[in-house]
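Scrolling down, you'll hit the structures one after another.
Each of the next two complexes has subunit A plus one more chain, namely subunit B in the first and subunit C in the second.
Coming up: the complex of A and B.
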């Protein structure tokens, strides 16, 4: 027996490290790894969730997925949200944070934000403070299809007829994407502002001295320097694009309608679970969702990988 | 399945902190897979022997006098005061030693599913609301108690009469389920469905409710001219109110067999001409609706009716009570049957859809299942029923329980419609509870039809496809009914 390795010093050192790792690791395993593995196990059964009695049915739930129109509608919607929502959110957030931090021109030889930028920073962050469901309820009033709806009454001043924001099957998903953007922008303004604050001002000033206008300043200097932050934001928003549950649940017609026009996977999982009591099939959808999210995250991190700029 | 003590604590903890359904999901799977492969114990009803040694007319189920009772009530349109202020005190009166744990909630399904999975269930559940428990699934899992002993027991008011003899005929049948069919659900409320309107408004305008769809269209034009929407329902969460009307019309055209065929997933049940004619007739009326209604919830549309903006609203006899707070002075609810579609309709105009609704169940694994049955028996006493009608402005299935009560205008019109209909009663639809997938599709297609996105023909085709899909799906357990 080689006991030499377990010297009191080594025990202390590794014990010290382990004591720090144990709690978070245990929480991670109990609340993330184990439910996911069990969902995978459930996905192979015909469990109805109300009785401990069920059979293993192999991959039947997954073959069923391929024939399920509603599942594919939900996947398509995630695809559209994924294409549009992060791009628009990041574009708006970058624009705002640039204006708030560097867009105001020079003052005492220093680049600063537009007038009132500290006030705007707070205002932009407001939506982030609200719970998603509250945002949903708020937008119920904003998007009310009647003349008296907040948005429609504003349009009414210009003589525009009431728009059925969530009623028109072609428009409903875009409306929900719009709400997601509204809700998300504030956080990313703050995130990108922090990113820009981390870049030494001298770089911007040097560029400004060399005659770069704001457009050049933004695209040639700012964007490359905060690219890492943008990349992180992209992954966050991409993962958010696979959720959208609460907003669709609260805002959409008939939970995911009209005619499945707004349904998303988490909503379908909810429906399969608590309306149809198909826990096995719902778990299969959940497993599919996990793989979609993981694939997206892996792809994004690979595609957007760039050399880090040292300063 | 063996339940380890740790499982129980985790589950109890979950129940106590009242985690939301979403959070409960993974936990639930933890429970469900915990004993994967092990045989479930055969669900055995605790056999509350009606003829047990110490059973008597006052205590036919042999309830242990001091056994605690847990009651879960759906706190919706009827609220739960009828339970806390009448039914539970009645039980307490019979068993003063018992403590009653009461819970009034709205998400019956999400709250109780984990408890059914864990075996720690309440003794009586009022299984109702949008998020109710799937009765069929519970029956198949052996989770519900057969209520036959309840209906065979002596009634509270007259021990010489059995419970089944003091309730409206058809009540027991409406709660049948499983194969072989047994009564697992007590449907407590007598509900009539039809078109609701403001009798005072009609009086003022000199309108009479239309008796045929031709008259309905003429009326619709007249109402439109007065800037009143002739008919409206809420598409966002209550499209089933509209499909009830379509199904009622289909039954009036072709008889109750149409609805039985639909429930039994008979071939081409939805392609029947009666269904297509009914759908087409209602789609015509749908054209008069404000498209914005698709984006509103039921209370918003109901309030608009109270404000005199809508003439007819499809609903059941709970509507008057539900709107009591918002109904302005001078608004008087009345209910009329749906108009006849063709001159050759099999059922007369007077026919209404009436059914026992608002289900109460006793879980088979309840700790005090006998107490659960006794609670239901107390509910079916005249006192319990009268208190319910007083508190909720709704009729119960108990015969003659409204004697001496002054009924509201809406209930009076329901009672009148009931008398006029006589035996011409449009049957309820069991598929709504049996096949939720089909029901979800019907909600979707009803909105599409009523708001003009599809034709009646497409409506029938799409519903038939959904019914065929349900029929072909071996994982959905099929049920049938003959009455």
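Coming up: the complex of A and C.
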């Protein structure tokens, strides 16, 4: 059955391929590809709402964007989230996954996790299953600025005055980052645990037999061996740092406040679209966001590319 | 030898403290939500907000069920996610199978088109998507949401399943074709059952992702279509809506109602859920 020959078998094969691809491709093109292409077009127009009348304005949306203080505030916030959130999440998750998989010392000549490991893995992962919106509403109560807020009442036991976690402009974004870490750690504990499980136990056991202590075991053996998984985790968390939409929208004061202190680009895009109906300007902001995300991904791939350890 | 054991004991102690601390940190907000649903406003805002409720009554739960429409939103979400996950899996596996197992002109291009979607944040097309869904007359309908969910789930589903189909042996399918089994029948009766582990992982991934989706419902199911709302929309709304200003216990009860089904499903399927959600990052 050579290619291009119209034997009955070839016709059947082509018919099969076409029938299997038609529906998925049609839905994907109509509802995903075309909106994204139209967004690139809208970004060059003064389109407002669903009205079909609009003019092309060239790069005017982008010049306005670069003079927009809120846009730059949002970009700075992504920068801070990107610097802090992935690093803290990965550090905590690595620490816990090490304890849960290899921290229990040797039993019958085999390295194992600390007592209760599987219980901790189940509990730590749970926030990941909750919708970000639910997490946001949960933390509204936890971070309530009054002394009856749960975090503030715990601090009260130690004689610390109530803190306005979300109402202080200098603190609010850090609080949001804290909640992102809270939700994310469990996922990376499980992910890194899978990475550690993939490394032959003999490597760890040989090192332990040679007298390596836990610090050496962690930094010299475990970390290099799961480095690939850590990298992948970093890319995922980095991309998450350019989102944060649902959490900021639900949890922060005045949706991105106080006074734009926590706003992020997705939130501004949403606001421009559904509050002001500036579809053209919102799409230009979307283009800027894609540019930032792709730049981050490309830089990460360049910087972190490293020899893979074969085992 | 003895000193090493002692230092290991001390380190073990510290590690356990850290693990227990993080457990408390994880559990407390959720536990506190349940407890507060049984309290009165004075108890919640009183001097000892962490104390147990004085009386265990389900009053707030009844009020929340009636006023917050949580039940309605849960039913809507179950319907939408059932349809969207089913069609995501059906259409995604069909496309992935053809793209991974058949050699034809344009294969590479179509595969790239699907997978390129992985790197585009959903916010770029927000305005344009609204226009597209409005143009086809599906704004404010569950059909529109289902179609958009399917489209937005395609990149990852096709990417993952195409890789999965490539790992399956070709001999069984070839033998079936020799025996006169058609292309479609080979797919449904031989390849799909063989791909079950991969299909389960990605089904779980899609169910949880679509269940927790927030941006798309608030964009596509506007405020005047409250009877169509999904659970995440409802939850975000109850924390700000006027009816709850005086009824905090009711708010916590409504929130609990949204958490409990997920908690139950998670406890039963936690192993599959953990594998499913980490599947994409794993290898």
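Convention: the second predicted complex is superposed on the first by the 277 of 311 C-alpha atoms of A that agree within 3 Å, B and C clash if a C-alpha of one lies under 4 Å from a C-alpha of the other, contacts with A are read in each partner's own complex, and residues count from 1 in each chain.
In this section, a contact is a pair of C-beta atoms (placed from the backbone, for glycine too) under 8 Å apart; a residue touches a chain by one contact, two chains touch by 3 or more.
Keep in mind the model is a prediction, meaning the values are calculated, not measured.
Contacts of A:39 after superposition: both subunit B and subunit C are touched. Look at A:54: by the touch rule set out above, it reaches subunit B but stays clear of subunit C. Of the two partner chains placed by the overlay, neither subunit B nor subunit C lies in contact with A:71.
With both structures placed on the common chain, the touch criterion links A:167 to subunit B but leaves subunit C unconnected. When the shared chain is aligned, no partner comes close enough to touch A:204: not subunit B, not subunit C. By the touch criterion defined above, A:259 reaches subunit B but does not reach subunit C.
After overlaying the two complexes on the shared chain, residue contacts for A:234 are found with neither subunit B nor subunit C. More residues of subunit A lie in contact with C than with the other chain of the pair subunit B and subunit C.
Once the two complexes are overlaid on the shared chain, A:296 sits clear of subunit B and of subunit C alike.
In the overlay built on the shared chain, the residue A:279 is in contact with subunit B and with subunit C. Shared interface residues of subunit A (contacting subunit B in one complex, subunit C in the other): 31, 34-35, 38-39, 42, 47, 50, 146, 270, 273-274, 279, 283. The part of subunit B that touches subunit A in the complex is made up of residues 1, 21-22, 25-36, 38-40, 109-110, 113, 116-117, 131, 133-134, 137-138, 140-143, 235-237, 239, 290-292, 294-296, 436-437, 440, 443-444, 447-448, 451, 453, 475. Those residues of subunit C that touch subunit A in the shared complex are 4, 7-8, 11-12, 15-16, 18-19, 22-23, 25-30, 32-33, 36, 44-46, 48-50, 91-92, 94-95, 97-99, 102, 104, 110, 113-114, 117, 119-121, 123-134, 136, 147-148, 150-152, 154-155, 158, 182-184, 187, 208, 211-212, 214-215, 219, 231-232, 235-236, 238-239, 252, 255, 258-259, 262-263, 266-267, 270, 273-274, 277-278, 281-282. Interface of subunit A with subunit B (complex): residues 31, 34-35, 38-39, 41-42, 45-54, 143-146, 162, 164-167, 169, 253-254, 257-260, 270-271, 273-279, 283.
If you check the complex, the residues on subunit A that touch subunit C are 12-14, 16-17, 19-21, 23-25, 27-28, 30-36, 38-39, 42, 47, 50, 92, 95-96, 99-100, 103-105, 114-116, 120-134, 136-142, 146, 148-150, 153-154, 182, 185-187, 190-191, 194, 213-214, 229, 232-233, 236, 239, 242-243, 245-246, 249-250, 265-266, 269-270, 273-274, 279-280, 282-283, 286-287, 289-290, 293-294, 297.
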